[in-house]
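Structures follow.
Consider the two complexes below, in which chain A is the common component and chain B and chain C are the respective partners.
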Partner chain A sequence: MIELKLQKSLRSGDQEMLLDLDISIKKGEFVTFYGESGSGKTSTLRLISGLVEGDSGTIFVDNDCWWDMNAKINLKPAKRKIGYVFQDYALFPNMTAYENLEFALPKYQDKAIIDELIAIMDLKDILNLKPDMLSGGQKQRVALARALVSKPKILLLDEPLSALDNIMRLKLQDYLIKIHHKYHLTTILVSHDVGEIIKLSQKVFEFQKGKIIRSGNPKEIFTHGKTSAKFQFTGEVIEIFHEKVIGIISVLIGQDIVKVVCDLSELEEFKVGDKVMVGSKAFNPIIQKI
Partner chain B sequence: MNQVEGQISGIQSSDHMSLVFLDLGNGIEFQSILLDTQESAHYLQKGNRVNILFKETELVLSKEKEINISLENQILASITEIKKGEILTRIRLKTVIGDLVALISTTSSNNMSLKVKEPILAMVKFNEVILSPL
Partner chain C sequence: MNWIPLILTLKLALVTTLVLFVLAIPLSYWLSITKSKIKPVIETLVSMPLVLPPTVLGFYLLLAFSPQNVFGAWLENWFGIRLVFSFTGLVLASCIYSLPFMVQPIQAGLSGISSSLTEAASLLGKNRLNTLFYILLPNIKSSIITAVVLTFAHTVGEFGVVLMIGGNIPGKTKVASIAVYDEVESLNYSLANQYSIVLIILSFITLFIVYMINGGHLKRFTR
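And now, the complex of A and B:
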């Protein structure tokens, strides 16, 4: 259980903002921080990891105090058992993939973990390559493996997949699910991709100007109250057509594009880039063996 | 999408399915079949208010008012606007439960020679009706 009760004043652009949090994350949970840029998501990861300190408050993890402003307790980042993965990979460019993993191994720790991660993350064929020889997806797999070498209990992922194309993204999401379960991690992801959030996380915290404005089950949060529709997906509007008496909206769902007919009166509600829920009754779709 | 508010007036369930009876006010009753039961969807309680959703394309229109037909949900309407496209025609309807929109083929619209102010029976099958708890 991670319990964060803290305040920190932040600068976002030319604006002063107070990050004011009171959240708890259960052990083994996969949660997502969602919200506009500059709302405090990355700062919260940095506070948890110990890279920055709050102005007041406490951080408790499994009832151990990691940080307490008044009691002057501040556990060093290296002691916090955290794996941190960034959007830009942050691999050492002068080292091979294998050397990057080896470098992260704490002194006297068994090397077996490296071999295990190489197998899980399918890194065998790229071990001797340096980062500039690797694709974005490969680099991020190495970065993920490297974050896990020290056997962390908490994995912090700051938009790790947002620089990747859609197919690579979906693959990496499966790796994230795999390692989350395999290593019994508590994982905190920062993401803007609603489909990704629903696929990966059990809980979402929505940030706005330094505060949590909503939290809960991602599907319920993003579909704004449930409907009885059983054939339900979330995606992004990529094209809108006005066809005489109807509207046709193309929606990207995962790697697939679906089209939905809507009434003219609904057309103005939507614009390209909107996150949407597409729903139909379970009675409508046909099913065929392929 | 057409959207009207109503109240759950009855629920008949089997293992995985429910037939939900809905009171839309003014003596209008609708039915919706769902792959849900009171265990899987807690909002399914008699007396709860819900939004009732159905697509414009699922509305069937008839000039005859008394027909023996397997369309569970029926409501009398009067046409307030007809907008013709090459293939589809959009018809606005006024009913006691509010305004509805129907999209039918222009061929059907022509064959039925539909006109504004004309009374009409609008129908929608029970498996096309989606519920959304309020």
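And now, the complex of A and C:
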């Protein structure tokens, strides 16, 4: 259980903003921080990991105090047993993928974990390459493996998938689910992608200007609990057609483009780039092998 | 041609470069991470030799090192070291004079490294020394090579400071740049010419190495 009660004044651009948090995250949960840029998501990860300190408050993890402003307790980042994947991956450019993993191994710890992670993350073929020879998805997998070498209890992911193309993204989401369960992690993901959030996480915290404005089950949050569809997907609007009497909206769901018919009056609600939920209530979907 | 002044020049440049390399790494590292208020003061002091006439520096060092003065007398009485008109004195003066050439490239290199690398290392439980030697320095190899080569080249080209505090003692403080001056004074133009040509070639080679590295032509050796 991670309990975070703290305040910190942040400076984003030339604006001052107060990050004011009261969050608790259950052990083993996969949660997402969602919200616009500069709303305090990454700062919260940095506070949990100990890379920065708050102005006032406390951080408790499994009833151990990690940080307490008044009691002057501040557990060092390395002692917090956290795996952290940076947005820019932060792989060490002077080391090969394997050396990156090896460097992360704590003293006297068994090397077996490295071999295990190489197998899970499919890194065998790229072990001897340096980071600038790796593709985005490969870097990501190495960064993820490196974050897990010290067998952390908590995994923090700062928009790790945002720079990847769709196919890579979907693949890495599966890796994330796999390791989250295998290592019994408590995982916190920063993400802007609604589909990704619904697929991966059990709980979402929505940030706005340093405060949590909503939290709860991602499906309920993003569909406002309005539909009880039997069958639903999230996607992104890529094109809107005005026909004579109806509107047609093309939605990208995963790698497929789906056309959805709607009323002309409804059309105004949508614009290209919107995240939408496509669902069906009345019909039974057909399923067949391909 | 007498090779001794040239050998002395190379010896001075080599020793100065080695001493400065050891000193500049902690200093540059501190400058690259500190948020201290005295940072601009230290940066200014480090860069002063870039703009100060070498004779000014040489003049004050001469006064400070002179056995007639408190500091010089103390050095001589307690340690038996006399810094004026000696090779040790030349090394010390060269170190001060060439300090910015070593510190600035290394500091710039260290400041240019993404802070997430340092943060990743600290999350992996590495202390600052480990991070410096295993992560930071290996990733600024070309800055380090630039710093080393420029320091070496700059020390080879030193004249004013050396003349002020070293004098012109053959085999001890008479480096190549002084020898050129000396030969011209005694109207030995052909000898002055020979020393000069060697210095030109030496400077060309060292600077050429820097530009080859910075232009990425020697990439496979620097990473």
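As a working rule, the second predicted complex is superposed on the first by the 286 of 290 C-alpha atoms of A that agree within 3 Å, B and C clash if a C-alpha of one lies under 4 Å from a C-alpha of the other, contacts with A are read in each partner's own complex, and residues count from 1 in each chain.
Here, contacts are C-beta pairs under 8 Å (C-beta built on N, C-alpha and C of every residue); 3 or more make two chains touch, one makes a residue touch a chain.
All of these numbers come straight from a predicted model, not from anything done at the bench.
K.L.:
Once the structures are superposed on A, label A:13 by its partner contacts, choosing first (chain B), second (chain C), both or neither.
P.N.:
Touch status of A:13: no partner.
K.L.:
Let me test your reading of the model: by the given contact rule, A:150 touches which partner, first (chain B), second (chain C), both or neither?
P.N.:
The answer is second: A:150 touches chain C but not chain B.
K.L.:
Touch test for A:285: chain B only (first), chain C only (second), both, or neither?
P.N.:
It touches nothing on chain B or chain C.
K.L.:
Which partner chains sit in contact with A:104 here, chain B, chain C, both or neither? Use first/second/both/neither.
P.N.:
After superposition on chain A, A:104 lies in contact with chain C alone.
K.L.:
Go through the superposed model and pick first if A:84 touches only chain B, second if only chain C, both, or neither.
P.N.:
So A:84 only meets chain C here.
K.L.:
Which of the two partners, first being chain B and second being chain C, lies in contact with A:273: first, second, both, or neither?
P.N.:
Neither partner.
K.L.:
Pick out the shared contact residues on chain A: the ones touching chain B in one complex and chain C in the other.
P.N.:
No residue of chain A touches both chain B and chain C.
K.L.:
Enumerate the contact residues on chain B facing chain A in the complex.
P.N.:
My answer: residues 1, 32-36, 41, 43, 53, 55-57, 83-86, 88-90, 101, 103, 127-128, 130-134.
K.L.:
Name, in rising order, each residue of chain C that touches chain A in their complex.
P.N.:
Residue positions touching the partner: 114, 116-117, 119-126, 134-135, 138-139, 223.
K.L.:
What part of chain A is in contact with chain C in the complex they form?
P.N.:
My answer: residues 49, 51, 77-79, 82, 84, 86-88, 90, 92-94, 103-104, 106, 146, 150.
K.L.:
Give the list of chain A residues in touch with chain B in this complex.
P.N.:
Within the complex, chain A touches chain B at residues 225-230, 243-246, 261-266, 279, 281-284.
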